[in-house]
Structure formats: structure tokens, C-alpha cells
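The following pair of complexes shares a single chain, subunit A, combined with subunit B in the former and subunit C in the latter.
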Partner chain A sequence: MPTIITCFKWVIDEAYIRRGSSGDLDFSAVDYKISDYDRNAIEEAVKLKDVHGGTVASLTVGVPEATKGIKDSLSRGPDKAFFAADASFNNLEPSQTASLLAAVIRSFITPYDLILCGEGSSDLYTQQVGPRLAEILQIPSISFVQKVELKDGKVVAERRVEEGVEVVEAPLPALVTVLPDINVPRIPGVKDTLMASKKPVVTIKKEDLPPFPAPCMETVEMKAAKMDRSCEKFGTDTAEIARFVDVLRKKALI
Partner chain B sequence: MSGIWIIAEKKEHALELLTIGRVLAAQMETKLSAFLWKDQNVPEDYIACGADEIMLAAPGSEGQSLDAFIPVIAAEAENNHPDAILFAATARCRDLAARVASRMNTGLCSSCTSLAYDAADRTIKMERLAYGGAAVQKVICKTRPVMVTIPPGTFEQAKAEAGRTGIQRELSTPAPSVLKVIEKKTKVRETKDITESRVIVAVGRGFDKKEDLDLARKLACALGGEIGCTRPISEENHWLPEELCIGLSGVQVKPDFYLGLGVSGQVQHATGIRQAKVVAAVNKDENAPIFSVADFGIVGNLYDVVPKLLEALKRV
Partner chain C sequence: MDFKLTEEQELIRKNMREFAEKYVDPIAVEIDENSRHPEELFQKLAENDWMGMPIPVEYGGAGTDYLTHIVAVEELARSCASTGFTVSIHVGIIEMLILLFGTEEQKKKYLAPLAKGQNLGALALTEPGAGTDVMAATTTAVRDGNDFIINGTKTFTTNGPTAGTYLVFAWTDKAAGRKGMSAFIVTKGTPGMKAGEHFKKMGLRSSQTSEMVFKDCRVPQENLLGKEGNGMAIAMTGFDHGRIGIAGQCLGIMQAALDESVRYAKQRVQFGQPIARQEAISWMIANMATDLSAARFLTYHAAWLKDQKQPFSKEASMAKLFAAEKAMEHTIKAVQIQGGYGYCKGAKVERLMRDAKVTEIYEGTSEAQRLVISGNVLR
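And then the complex of A and B:
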């Protein structure tokens, strides 16, 4: 029966980011969440378990505050969680995250059959952690997957590419990154949340892991994207609708 | 040794990369090399369009996955020390780029929207979108080679120039990958490509049921445009095909006129309409984020407003 690892990132919910007056980003009112597509990865892992049995472990690397994310992940169905936590595991770049995930998997969750990740994180969306992790572990990876099955020691996946869909097969262990439309992630109920608090969590300290690499990239600037629009409002009575249509006509749009 | 490399599967993407590759190579006073797969490409075309050197990889055999070429690319890069490798940000090449970057212990700027060489500190400054498009992140890569994936359509295709010369060399054939492509299903497009549409009426969650999309279709027809949608409409409701989903992870559109109906305007979607000339929206929630990224907004229920708009348009 397969052992499935599902990796997730605890990220800032971008809906709460405000644009500061000088074009900077205002993070003062932000909340955190499990990165959107990682929820699809967790859901898919649990669905595979429903078919094949086995165990599902959720895994994240992050700051100690991400423990909320660990609980959230467990309320979505995995049997246990692994949490590499340290205050320095903040603003990690993909090469570092992949390196730490690989170290945890090698030391604590081997052997395994399948690793599932979201195709990209909803904060930086570099789409690198999955394939980088597979490269470090020297296992095959299939990205941008819309359907996944386990058969006879192999993973068979539908990968979406520009020309359509490729059905790809790889021996296990393997890594798959999933697209958001692979499933609809469950919304955990009260019972799920209560059950989650009883599930085992293995917390791994920085000292338990080999040193992780220095960053390759440096962010030299992060500013709010400009969307300068005139933001003129119209009402819904006939005169206002006529005025709206008139504006469009003057702009030669109709 | 040094140089700028470009890697793309399709000729049109390779030509786009040659355009920016040429600029970087000139500024950095180095050569431009193109990595090509032998079967589908005429190397001379790429030399005419700006490449100084062609690296010809063995054609991928039937069912062969691109990841077979990871060791070939990495070994070539280790021997030739390119300054930068530019990949087309297509599904297969994004995957390939991330694995090559990992193997070479270097950084990768994904989905780079603009890049420029800064002679003052001899870095390549690269911009990309972050936080669903709410922010622009500018990065440099401190390790070599600098690796980048560039979305198709970011640069113009390079044009052939007479009299250009370049060298060609063949690379070793890789061992087959354990990953096998067992079937290819080519997408049959059910709808028009909206990335080229002049007018787009976008459908959002404000619609109660699939049949009601006829309202949007009628309006699109009256405006001479096509319909598009937000992610929940294609992904959760499956009311429209995913190629009509506008947003950071869908299609990015650049119409003269975009009209959102019942579209809340979450940042991922708003990013996809950034290049629209004029943005208008109808939404009953006056605090919907769409209004802050719209030129013209009608605060009202689309079921009330759209028939009125259709009526008013008849009189134009």
C-alpha cells in the first residue's frame, strides 16, 4: 500500500495585501493560508488513499507559526504530518525549500511511493519546488497534472501541455505537481478539525537537518503592480446606462 | 568561456528568445547560442536570426520525455560556462529549466516579464509578477548561470538578416528517461482564441446558472466580441472551457475593451486583463475589487443591467 507525501506551503493570503501610498506593499492586515494549489495536492493524496489504502503524510517547511497550517492540512485528511520548523525558514527561495524538503523526506519519510505538490505557490508562483525536489531526490517528476492514477508500481498521469494533454507514465517513487482543476478540495468541518488535533505531528528542528544552501537569488525590489484606471462609477437607471454607452461610443469602442 | 543560451521546443518561441538574447549578448559582449532539437529545426534559420552557435541535440525518440536532456544540458553548461540560459516558459520547458537549475545549483527566475543587463554592477535585472499579480518582484541571480523562463509572446520574433554566420555542433545522445509519454491527445479548440479578441465580455460568479450565460453571449455579440470567464466558472462550474479562463494561470488578454459581468476582480483575474485598453465592469457589490481596476463601473445586478445595456446598444 502506498506511502504518499503531500507538500504544502503556508503563505500570505494575497487577497489581504494592500497597496501602500508610495507603491509599496502593505502587509499589515494579512492572514495566512495553505497555498491554493497545495490544497488540491492534499485532496488528491487523500483520494488516492481512498482507492489504494496506505498512508498520507503532509509536509511543510516554515516558520514555527506555520503550525496552524499543519493543523489545517491534517483536517483535510492526511494521517500524519511532518513539520520542519525554524525562525530562519522564512522567505526561502525554491532551491532552499526543495533542499530542506528533500532532507526531511530522506531522513524521516523514506521509503515513500509518491510525492504530490501544487504546480506553484499562490504567493511567488515560481513553479520550481516540485521539479527541484524530484531532481535532488533523483526521481522522475510530472508537472501540470490534471489526472493521476497508481497502477502496478507506476504512476500514470495526464499532463497538460500547450498542444493538449500528454499521458505520461513513470515508475515509483515519483513526484507529481497538480493543476487546480484536478479536484475540488474539501472544506474541513468541525469534526475534521477535531480529528486533526489527535493526529501525530513530527516536528523537525533545523539542527536535525543538514545545512541548507545559501540563496541563489536576491530580490532587489518588490512593489505593488500599477493598475491605473479612471474608476468612474455609473448607476443603473436608464439615463446612467445611456451615459455609460455614450462613454463607450466616444471612446470608439462600439 | 561565456555566452547567452536559449532553449525552446518551438521555433516561434526560440525566435522570441533570440530577440532578447541578441540584446543581452551585445550588451555583455558575448556570443549567443541556441540549443535545438535536430529533427524539427533548420539550424541555418536560427543563425540568420541571431544565433552565433547552434547546439544540436539528438531528436527525441517516440515517447521520449524532455527530462532525458537534463544531463546533456547540464554537462554542456558545466563545460562551457554560459552567463545565462533563457528558456521558453512552456509546460515542458519550465519543468526542464527547474530541474537543470537544481542540478547546477543555480537560481531560476520563473515567468520573467522583462529583463535588462545592468552594466554598472554586471547583473541581469529580471522582473516577474508575485502575489497573484498584485506585486512586481525584481530579482538578480547571484550564481551562474543565471537561468530564466520567459513566457511566449513577451518579445517579438527575431527576423533573419542576410550574411550572418555561425557554427554548429552536435551533442551526445542521452540515455532514455524512465518517464514515458504513452499517449498524446491534441486539444481540439472549441472556441476562438480570445488572446487576440478586440472585445471581451467576461463572465464571473455573479451568474446563477449556466443557461444565464446567454445574456453574456448576447452582449458579446452586440459589442462584436467574444466571451471569457473567471477561474471558478471554468474550473469549478465547468460552464465554459478552460481556454476561456482569463488570469495569471489562464490566458492573458489585451482587448481594446473588456467588460466584466459579475466578476469580483480577484487579483489573479485582474492580472490577466492588465493589458486591456479600457476595462468596464458590472457588479452588484460596490466594494468589489474589480471596480478599483476598472475605468468604468456600473454598480448593479447584472440581471437588471445587461438587458438595459442590450436595449441601449440597439439605439447606437
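And then the complex of A and C:
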């Protein structure tokens, strides 16, 4: 019966970000959510448990105030949660997150069979945490997964790639990053939300973990996206149509 | 004072918002247009434990406090006031009264299926000649051996055509005045009880409302709810709970009106700028936001008092009175902000305005609320 770990990030819900007139971003009224594709990862972990039995643990790294995220994850079906919490675990970049997740897994959630992550987070979408984590743990990593199964000690996954669908398999333990097509996350029922508070949560302090590395990536500035619309008109005579086709070619649209 | 909702309450609100956006928003216009009761939607609400939130788990509910139920009603009503109202009366009046006054057998037999959403509850109290003046009712329940025979006509029964469990109020001893009315649990299919046609209404059109006619309707004495003669007190307790629910419904209506007004005012350009920059419009929105906040505190406070097992009649009345009047006032303004577009079918504010009116009327008119409040304050 497998032990499945599902990693999630507690992110700003972008629907609440407001924009000032000068293009600056106002975060004063934001709410938080589990990153969208991580909800798919949690859902898939629980579905695999429904088929194979075993246990599912949700895992996150964040600031101590993110307890609502822990409850949200538990309301979706995992049996327990692991929460590496510290004020300094704010705005981590992917290499740091992967390092901390690996340290928690090695110290607190071994042995395990499968790790599920979202393909990328709703905020940065670097798509790095999953593969980096697998690399640190020295396990196979399968990305862009739209379907996953466990069979005879192996994970079998369908990957959606540019040319089509690739089916791969890997021995367990392994890590899989999932696409949103893989499932439709449940809306937790009221009882699920209330039961979540009764499930065990292991809170891990920064002091219990090895020091995490300095960031490889630094956020210099964050601004609202600007869309510059250009408007070019074309006539309908032969010369104009030729010019139109030429412009489309130059923009690599055809 | 701690004004924060708990994390569980915030998550439940979020989940209801997601549920409403996914399942309610897509059908809200159609069920209003066609006056249709969406049975499929109520089945989904039941699957997610929304149909009996504050009822203890041993009676089929989710075991939340009352405030959490109100927060859920608010979010549901934000998408569809009819659906929010149906849940509110089902839970807040029918389920709460059986929980508070029912025998253990009645709770197992009637409350559990209601809380699991297996059938809907309906309140048969108002009569053609007895609205605010409940004492003017004429429906009687006459003892006959081990049964009661009910005769009379009820009207404006919410869920009348669709319910499975009815709470029916009738005189068992008219001479005893306020201590002469009793409450009965009557189930669908009981011979002698018939629901009339669904009324065509201005608003809340998806909520099914009808007459209920009782002709020699035989009900066993085991179906008496609470003590014989205690019906008036039971009805008033029902209204105390239901009024907080209506206030919650009004919060949803007001939040939707505010959202719509802000959205429209930011995008509608007249005189070279969004109308949100015109003081006439921005002040309307300021008033909406302020009154919504005030109504929310009144409503949540009333629910909190109930959860603390403190008296809450006056506060429930205040919340309902204020929230209903402001819901009407501000949905009218929301249509005004959207001008001609707001007046047309298809505009959400058009439906909000039609839905808001009845909140000033049912579960005690605004005039009746003022009687309750002044009676309390001037004691």
C-alpha cells in the first residue's frame, strides 16, 4: 500500500490583486489559496489512495500564518500534513523550496513511494520545484503528466508533449508533476473542512532542518503587465493583401 | 472582541463561492425566467453537506455553528437569492424547530432526512387572512382519538409544491388565545393535504410558493411538535432563526449588487472617463459598501449571540430589518448605475432588484420587525 506525498504552495489569489493608476500593484486586500495545479496534485494523490489504499501526506513550506492552507489541503483527502513553517520561508525561489522539501521528506516522511506536485505554481510558474526535488532525492521525475497509474511497483504516466502523448514508466519511488487536465479537484464538503482540523499536522521548525541555500534567482521588481496594442490597417487590393501576408510571416504567425 | 471568522468558516465560505460559481451561476437566469425549482442543484448541495450545516452530526447534519450556516447562505444568495432562501428556510426554520422542540423519535425520523437533503422542509403558517396578524388564523386541528384532524388553508408556503416535510400550525384550542395554537409535522402524501399551483411572483421566482389546503387531514398525535398549545412560541422561535437567515440572504444580494456596480462603473465611459470617477456614482457605491458592512456586522452578531446561547430575538429582528431595507435601497441604486442596461432582462441587477423586494415582507414585514424591536427596547 503506497505512501504518497503531495506538495503544495500557499499562494496569493491573483483575483484579489488590485492595480494602482501608475501600474503599481496593491496587495493590501489579498486572500490566499492552494496553487491551482497543486490542487490537481492533491486530488490525484487521493484518487490513487482510493484505488490502492495506503496513505497520503500533504507537504508545504511557508510562513507560520499559512495554517489555513494546511487545513484546506487536509479537507481534500490527505490523512496528515507536514508543515515546514518559518517567517523566513516567504518568497522563496524554487531551488530553496526544493531544498527544504527534500530535507523534510528525508527526515520525516521516509519511506515513500510517490511524490506528486503541480506542474508549476500559480504565481511564479517556473516549473522547477518538482524536477529539482527529484534531483536532490535522486529519484526519477516525470513532468507534464495528464494521467498517472501505479502498477507492479512502477509509476506509469502519460505525458502531454508537443508532438502528442508519450507514455513512460519509472520504478518507485518517483516524482510526478501534473497538468490541470489530469482531474477536476473536488470542492470539499462542509464535513471534510471540519474534519481537517482533527487530522495530524507535523510542524517542522527552521532549526530542525539543515540551512537552505542562498537564492539563485532574485526578484528585482513586480509590476502590472502592460499590453501595448498596435493597430495596423490593410486594404483589400492585391498589393495590400501581399503586404498583409508579409507582415504575418515576419511576425511568425504563418 | 474578535471580529475574525475562523479558518474553517473562511474555507467554507470559499468553498461555497466556488460551488456557487460552478453550479449556481450557470443556471440562475434560467431558473428565474422559468420559475423552475432546480432539483439537480439541491441534490448537489446535499452531497456537499450544505442542507443541514448547523444540525448535529448524529441527526445527519454537519455540526457547524449557526454563523457558519449564515456565511454559506450569504455566498449562495450572492449567486441566486432564490436558492439561498430555499436553503435558509429549510435549515433555519424547519430543521432548527425540529431540533429544538422535537422528540428523539421525531429527530431521527424527520430531521435526519432533512439535514441530509433527502427532502425539503416547508412552513405552513401564513393564511389568506392571517399574515402579520398570526392570531387571525382559522386552520384548526381537532383531536379525534389518537389523531388530530386538520382543516384550513395556508398560503405563501415556501417549498409548498416541492417539500417532503411540512410544519403546519393550527388551533387546537382557540379559546386559549396565544396558548391555543399547536405545531404539527405533516409529510407529503398525507391524505387531505394538497399543494396548490406555484405562484407567479415578481422575484425569487425559482423558489416555489403555493397555497396548502387541508381537508380532514388526519395526523397522528406523535406528529405534534413540542407541547400542545405551544405553537405560537415555536413559530416565534422559528422566525428568530429564520430572520438571521434572511439577513444573510440580503447580504448576498447586497454583495452582488455592489460587485455589479463596481464592475460596471469602472468600465462604462461617459464624458471621456469611467463613470466611477463621477461623484454621483462613487457616492452611491460608498453608501452601498458602508451599509453592506453594517448589515454584515448586525447579522453575524445575531448569529454569534445564538451560538453563545444568549437571547437574540431583538438582534435577529434588527439584522433582518436593516439588511432587507438596505438590500432594496441598494439594488434600486444598482439598476440606476447601470441605466438602461440595468433595466433589461439579462442584467443581474434587474433580477437582484426584483428579488430584494420580498425580503422586506416575509418572515415578518419591516413594520412587524419595528414592533418587535420597539417592544423590546421600550420594555
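Some notes on this structure:
Just so we're on the same page, the second predicted complex is superposed on the first by the 227 of 254 C-alpha atoms of A that agree within 3 Å, B and C clash if a C-alpha of one lies under 4 Å from a C-alpha of the other, contacts with A are read in each partner's own complex, and residues count from 1 in each chain.
As a working rule, a contact is a pair of C-beta atoms (placed from the backbone, for glycine too) under 8 Å apart; a residue touches a chain by one contact, two chains touch by 3 or more.
Please read all numbers here as calculations on a predicted model, not as lab measurements.
In the superposition on chain A, A:E65 makes contact with neither subunit B nor subunit C. In the superposition on chain A, contact is made by A:P188 with subunit C only, not with subunit B.
Applying the stated contact rule after C-alpha superposition, one finds that A:D50 touches neither subunit B nor subunit C.
By the document's definition of touching, neither partner reaches A:D26: not subunit B, not subunit C. In the superposition on chain A, A:E221 makes contact with subunit B only, while subunit C stays out of contact range. Of the two partner chains, subunit C is the only one that A:S197 touches; subunit B does not reach it.
In the superposed pair of complexes, A:E166 makes contact with subunit B only, with no contact to subunit C. Comparing subunit B with subunit C, the partner in contact with more residues of subunit A is B.
Subunit A makes touch with subunit C in their complex at residues 31, 33, 67-68, 71-72, 75, 187-191, 193-194, 196-197.
Of all the residues in subunit C, the ones that touch subunit A in their complex are 7-8, 10-12, 14-15, 18-19, 22, 47-50, 53, 57, 62-64, 68, 72. Taken in their complex, subunit B has these residues touching subunit A: 65, 67, 70, 90-92, 94-95, 98-99, 101-103, 105-111, 125, 129-143, 177-187, 199, 223-224, 231, 234-236, 242, 248-249, 256-257, 266-267, 270-271, 274, 278-280, 286, 291-301, 304-305, 308-309, 312-313, 316. Residue ranges on subunit A touching subunit B, taken from their complex, read 12, 14-15, 17, 19, 25, 93-95, 98, 120, 122-128, 130-132, 134-136, 140-144, 156, 159-171, 180-181, 184, 213, 215-225, 227, 229-236, 238, 240-242, 244-245, 247-249, 251, 253-254.
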